[in-house]
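Look for chain A in each of the two complexes below; its partner is chain B in the first and chain C in the second.
Here is the complex of A and B:
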């Protein structure tokens, strides 16, 4: 079962992503245990995790935040496809970076992306889901880590 | 960025492989070498091999986590197809074992995502200049 101290890996990964990719740090709120379903924003990128751990890691963000993030990355394409691409890449990067601490057997999938429809989030038995709030500029997003 | 190489040196042909359009464009936009010419971009290993046959790249930036054919398999096939090609892995997978496996398969360098422009250009320079 995911321990609270292991969340630091994902908090650090999120911090690093915004510092490097957006060149502007995000403020990470206190993680909390998710009860029920997390409220989704406009776009969600989800990574399935298998191997040593099982579950999902997903990043969900509003369109307005993603638009600014793309601008900070010098992008000029703000299409629906770019938004989908970006949430998938954020989820992939943070999950992939977690292998620094979780090791090679923390196997991650290619991203699944949801927008507009309610995503089906797998919940393996014994998994605990934590929400990591992300505040960046005037926007808020979430990283949800649900792992055994 | 000037490479400092003789003016008659032929361009270095770059193939960019990543399943994210944003990352492919970012690499293309951020590389600062006058003599680096992007000859193609691919979203998975199959596309990369096909483009490598057609464009004969000198340098390939290679993502690892991709649909259809992942980067590790693509590296294995690419070095058989183009033994002289230099491969810079650019991946979010941050464990040491993945980097070692990629190098054993034939990669020449490894850069973790997320990366800054400076880190990208230093990694390219280390392989090609």
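Here is the complex of A and C:
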């Protein structure tokens, strides 16, 4: 069973990104368990986890949110590639936070990024996915943690 | 400790030997100086005595020479003067020997007497100052005075020749005595010097031995110091000493630095070591505890048993820029000295892995017990009922998840979720308890506890709901495990494989007329719950059920929910303890009755117990206590409104929460379920006599009935 501090590590990694990159912290909404398929937004950054836990953690956000985030970061390039880079960066921050807190217990892959197409999210058997809404300004994204 | 004592003895011995050596040397020097002085004085006296010894024969010879010169008419002035000098020297030297230590006075006196006998014969010779010769044309010859002088010289010569040996002997004896004395003094001096040299050699040897021992001791001390350093570098526990001011000493083990990520421990107050690591309350308790350790009467074993730092949860740097939870165990041992407690030895061990292992073991044990309990419950339960419950519970938890999924950003939005969650969870718990599925009931109860805790928070955020969703996941996993267990039990019963995932218990495969109807299931569940409640609360009561077969299928879940909650309420709040019932002239066994009737206008469910009834005043007091009403609002309530308080979410007359009551959710569940079907609920009571709930439900629609 996933532990609260493990879940918090992923959540903190995500909210910290907004705080550092955009100088405006994100808040989390009411977490719930995923039933059925995940509602994916436009861009998704995902890391695979193995070792002590097995599964995936991904951050999925709508284009509008990422655009405002880029603007807050003083970026002028709002291209498709910039959006992809941005969700990849968020996933990377989540990964760094997990490495810092869990060390060698967790083996974390380099982030992979999806956009547009419906990604194939591997669901580890017996693992239920936790969905944590991430609110930033008027936008909402999702952090999904699915680990055994 | 032993090393320190040996060192002290060695230092004392060294100092003693040094002092003894100095004293001996001083003694040797003083005595030697005195002996040398005496020898020098004796030698001077001996020289004088030796000189004196030569004078008698010298005087005799000088007198002879004088006489011969007079006889040959030679110049006598020189010899005469020499004689005078010898006599004067003799007198002076003899006088010098008087009253000198080492000079035998008797011998000196005897010599003096003999010398003084010379005086009458020598005095005329010495005093002669005339011209001994007279010169004529015929030559020189003795003058008259010269002739007299010659005679006097001759007489003196003869006296000297006769007396000289005796005087010489006396003077020789004097010299011999002085010589002996000088020799004795010299022998003593030699002896003393030899003894001094021997003593110096012995002391030198002793000093060398002590120095050797000291070197050996120092080597041993260095080796011990190195060993201590090795121990402090290698030991896996943090080790340090606390002084009387509760400060850390100058030495500590390297593990302490690793544990706390700092090096500046010397003189650090113990309080500072923990300040950022523990809560202020724990810090205050720990500080008090440390102070107690210095008390003379503190019993070490007793102190150990009340150690507040036996398992301390702290956040420590993980070396990668983050922090992680560790469990530290502090142990304290008093170091006693002659004047009481000298130090407190503190050991700090990182017991994180032990704690985690114990936790895992505990969880595994709990899980095993829970599974056994669950299995026993299964064996005593109707699998069909349990299967039905699992479906209901899964649906309920799905609803719980749906409540969680509703978007929320503000405190008000988060807070609104809590009431719905309570209601849903309470309903599931009630049914689980009714089926005696305590492992599920307890988990739901725990989830309810978490919800209740959140209700008390002034500012709710999504973070507060993370533990809740994790617990929900755990509960769902448990429900899955229960479901799997039912499948396995079914397999055991009929020998078929559950590989297809369907419920294979024979009773679960019954269909149509073979299956027991819902009313029977409900009756069984309620009777089982009644028995359990009576046993748990020590209040015997009977439950009579009427007309359940008339409950429309569509209403069965609601009727079940309502009856379960009302039955639990009756057992906890209604039925009085045996003694109270007897005092009130009631039967020892309580009576609870539920009756369902179909009416022309719809359906009616009456639930009644012959218990304590409801007291409007007690209800108002409870509402004020729960801060659901102010005292003024409570005072204005009429009895009817006061009775309606029992349907208010969060209202309960019980101060403490138990598995069966206290959350104020049960009657809320009933009311909401009834309202959801478009029904009404009423309550009537007579304090000390009964409480009656009357639920009116509309006639079910044809589709619902089907």
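Note that in this section the second predicted complex is superposed on the first by the 146 of 148 C-alpha atoms of A that agree within 3 Å, B and C clash if a C-alpha of one lies under 4 Å from a C-alpha of the other, contacts with A are read in each partner's own complex, and residues count from 1 in each chain.
Methods note: a contact is a pair of C-beta atoms (placed from the backbone, for glycine too) under 8 Å apart; a residue touches a chain by one contact, two chains touch by 3 or more.
Fair warning: this is a prediction, and the values are worked out from it, not measured in the lab.
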item: First, second, both or neither for A:56, with chain B first and chain C second; value: neither
item: Chain B versus chain C as contact partner of A:20, first or second or both or neither; value: first
item: First (chain B), second (chain C), both or neither touched by A:103; value: both
item: Touching partner for A:73 - first (chain B), second (chain C), both, neither; value: first
item: Which superposed partner A:86 touches (first chain B, second chain C, both, neither); value: first
item: Partner chain(s) touched by A:128 [first = chain B, second = chain C, both, neither]; value: second
item: First (chain B), second (chain C), both or neither touched by A:95; value: first
item: Contacts on chain A seen with chain B and repeated with chain C across the two complexes; value: 97, 99-100, 103
item: Chain C partner contacts - residues on chain A that touch it in the complex; value: 1-5, 7-8, 11, 27-33, 35, 97, 99-101, 103, 128, 130-133, 135, 140
item: Touching residues on chain A, where the partner in the complex is chain B; value: 16-17, 20-21, 70, 73-75, 77, 81-82, 85-86, 88-89, 92-100, 102-104, 106, 108-110
item: Residues of chain C that touch chain A when the two form their complex; value: 318, 320-325, 398, 401, 404-409, 413-414, 417, 461-463, 465-470, 472-474, 476-477
item: Contact set on chain B toward chain A in their complex; value: 19-23, 25-26, 29, 65-67, 91-95, 97-98, 112-116
